[in-house]
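Down below are the structures I want you to see.
Both of the next two complexes hold chain A, though its partner changes from chain B to chain C.
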Partner chain A sequence: MLDMRMISQYLPDFFEALFETLKVAALSGVFALIIGTVVGIISTMKSKLAIIPVGIYTGFIRSTPLLVQLYFVHYGLPITGIMLTSFQSAIIAFSLNSGAYISEIVRGGLTSMDKGQSEASRALGLSWFQTMRLIILPQVFKKILPPLISQFSYLIKDTSLAAVLVIPELTYTARKIAARTYMPFESFGIPMLMYFGIYLILALLSHLIGGKKEPARSARRWFGFGKVV
Partner chain B sequence: MLKNIDLDVYESDVLVLCGPSGAGKSTLLRCINMLEHYHEGTIEVLGKDIKSSRANLSYVRKNSGMVFQHFNLFPHISVMDNVALAPIHVKKMPKDQAYEKAKSLLDQVGLSAKYDAYPGQLSGGQKQRVAIARALAMDPKLMLFDEPTSALDPEMIKEVLDVMIKLALGGMTMIIVSHEMGFAREVANKVGFLDDGKIIELTPKNEFFTNPRSERTKEFLSKIL
Partner chain C sequence: MQDISLIQQVYRLGIAFLSNLAFLPFVLAIGIVLGIVIAFVRFHRIPVLSQVLAVLVEIVRGSPFLIIVYAIYFALPYVGIELGAFQTGIVVLSITATAYLSEVFRSGLVAMDKGQFEAAEALGMSYFQKVTLIILPQIIKTTMPSIVGQIVMTIKDTSIVSLVGMVEIVRTSRQIMQLTLNPFIAFSIVSAFFILVCYPLIIVSKKLEGGNNR
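Here is the complex of A and B:
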């Protein structure tokens, strides 16, 4: 049933596309982490001036479809004079989208920190920035690593939407090959396995980091990352 | 919460603040390095009005040490790093020098064997001794203790008090919120009694225990001694 000749012929293309997918995901992931950390910190501040714009940003991102955000950045922004390549548009949309979700994770981590940590830091004369960098954030990131990894796995799956901007990532390539070969089973089956493979690796990673104290007992927990954001 | 506080502490004073819970002892102590904000009045520490500028507050924090009831050690770094952190990042001390200092301070509090341990691996008494070493690493001119033994098992209280006694005998200026009356008797030179946000009594130690002036103090002492 499976056409092995087709698979072996197109496998290099699929791997090239996988690399593109990972490139988009990794770049967006890094920017999203930076955005999410900054926004997460701001969202724990007391000043309304800080909280309101942050609330609008996260609220807006989380209540609109990613696909529309993607279209808006790529086709909407040029009207304001901002011209972007489809690759740039995708990175911006994914970073802003994932950043909003990550900011919530970071905020949760920050508010769960014991106040004594920052009090002890201040009493020692550390500045606010030093306290964040040396004391608070290292502990927060250790704590939120499992949900962060799971957020990153969502991001990888979301990058399939970049296909609509003709970025030669896995989903776009699959569609192209399917159209050319008329073999949709293989053409979409291979990317599926590849997405699943990445997910599995991340799930395992998350499990190894987050589940040390409490080993996973069921497949549901394992595939569900144990901790849903 | 605090009312009409008028308090002078001089160099090498060891002042123990006691009183019922909710009296404002900890709040008063935390005002001294502005972990707690106050609305009226002035607090001058080491000759600086801490509210008048950030520089003054920062000077006071760098030159005073604080020990907390719940230790507040940094759990993600080793005991040595806990002690060396502030000298390295606040005083910009060279790293090897800071670690040498950390070692000698940990030796002083009897934790030579625990340089590389993490706070989570220590007992309460050991944690509090690390916390004292951490505060001392900044060469403070003033030490603030906020119920340093209240969260400890009874058998660990002595090891912490011993360190504090050594410090007091070495001439350190100390303000201590504590219920340890035995300790107050031994090393304090002044004892303050607070109730309902007010300093009811502030007298030299001997007078405090033998001849308290206010009825409220007498009542308190009769209950705890």
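Here is the complex of A and C:
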């Protein structure tokens, strides 16, 4: 049923699109990590002045669809005089979205840290900033690496919405090739396998880093991620 | 540029939001029933069927929602099935909800104490009694936070069905935007509707999670 000639003809296009998807995801991922770390640290502070804006930000991101957030950035920001290309809009929307989820992961990591760690480093005369950078954050990141990898896996899936802004990533390319060749099974099957491959690699990675025993056996069991709402 | 008053915008978007919410009962019913069935098939490791379902579930969980929407929307006519936008939405949302919920229920099953099964068996219950009277009520209770989380995800995902022609809140907001040329107001109202429904659910999910841990 599958047309091998069509597949070999368009495979380079699909790989190019896969590269674009990974580019969008990697760029957004870096910004999201920065946003998430800063917001996550702020959210552990006691002052109401810090907690309320953070609560509004994460609450908004978590309760509205990413598509609406993308439209907000792409169609809303130009009204305020900020002109953005589709690519920039996508990166901003994905970074803000993923950043909110990462901030909750970072927050969870920070609150699970032993108080003695920061007290000891303060007693050694380290400033708050040094304590964070040298003592707390390295330990937190080591602990939260598995959920961060899961979050990156969600981010890669979310980048498919960039297709709405005509960015030539995997989902957009699949649609374009489906419309051109009238072969929906091949056109959507190959990108889905690509997404699936990335998902499996990241799942395996998250699992191995999580220090689970008998990785081979669990790999056979088709492990899943902890789900983030 | 055409003037639509704020109240008119809220009214039109509110009506449109009802079509988003109309997906929920169908999708939840299908997702929970099929999810439970798949979870039991995989839990009992029924040969062949279990492996096939595992691969299908992982493919759905590993693929972006949008590409599943496109794939179903463009591929179904090729196998002779013509669906409207709403039916396509139900099919696609149910597929993803089933995949995620089956994994939720399966983890609930795996986490359950083996003694529960053995005790029910010892009491002479049939398999059907065991499942419906002993196992399911407990699993539904322990997985409630994830079920509520899945409801939130489904509500948010309904917005994506607008991309294959479903007239719902996001599509309506874009139409309004093209009339008023003011995207901020239209999208703010849309966000407000989603927050109104989803935010309380997220809080409930968190509360339930806290309750279960204690």
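In this text, the second predicted complex is superposed on the first by the 213 of 229 C-alpha atoms of A that agree within 3 Å, B and C clash if a C-alpha of one lies under 4 Å from a C-alpha of the other, contacts with A are read in each partner's own complex, and residues count from 1 in each chain.
By our rule, a contact is a pair of C-beta atoms (placed from the backbone, for glycine too) under 8 Å apart; a residue touches a chain by one contact, two chains touch by 3 or more.
Since we're looking at a predicted model, the values are computed, not measured.
**Student:** For A:R175, select first, second, both or neither according to whether it touches chain B, chain C, the two together, or no partner.
**Tutor:** Only chain C is touched by A:R175; chain B is not.
**Student:** What is the contact status of A:G125 with respect to chain B (first) and chain C (second): first, second, both, or neither?
**Tutor:** Once the two structures are laid over each other on A, A:G125 reaches chain B alone.
**Student:** Counting residues of chain A touched by each partner, does chain B or chain C come out ahead?
**Tutor:** Between chain B and chain C, the winner on chain A residue contacts is C.
**Student:** Contacts for A:P53 in the overlay, against chain B (first) and chain C (second): which applies, first, second, both or neither?
**Tutor:** neither
**Student:** Classify the contacts of A:P65 with the two partner chains as first (chain B alone), second (chain C alone), both, or neither.
**Tutor:** Touch status of A:P65: second partner only.
**Student:** When the two structures are overlaid on chain A, which partner does A:F185 contact: first (chain B), second (chain C), both, or neither?
**Tutor:** Only chain C is touched by A:F185; chain B is not.
**Student:** Which chain A residues lie in the overlap of the chain B contact set and the chain C contact set?
**Tutor:** Common to the two interfaces on chain A: nothing.
**Student:** Which residues of chain A touch chain B in the complex?
**Tutor:** 114, 116-117, 119-120, 122-126, 130, 134-135, 138-139, 142
**Student:** Could you pull out which chain B residues touch chain A in their complex?
**Tutor:** 33, 35, 58, 61-62, 64-66, 68, 70-76, 85-86, 89-90, 131, 134-135, 138, 144
**Student:** Residues of chain C touching chain A in their complex?
**Tutor:** It is residues 54-55, 57-59, 61-68, 70-71, 74-75, 78, 100, 103-104, 107, 146, 149, 152-153, 156-160, 162-163, 170, 173-174, 177, 182-184, 187, 190-191, 194-195, 197-199, 202, 205 of chain C that touch chain A.
**Student:** Enumerate the contact residues on chain A facing chain C in the complex.
**Tutor:** 59-60, 62-68, 71-72, 75-76, 79, 157-161, 163-164, 170-171, 174-175, 178, 184-185, 187-189, 191-192, 195-196, 198-200, 222, 224, 227, 229
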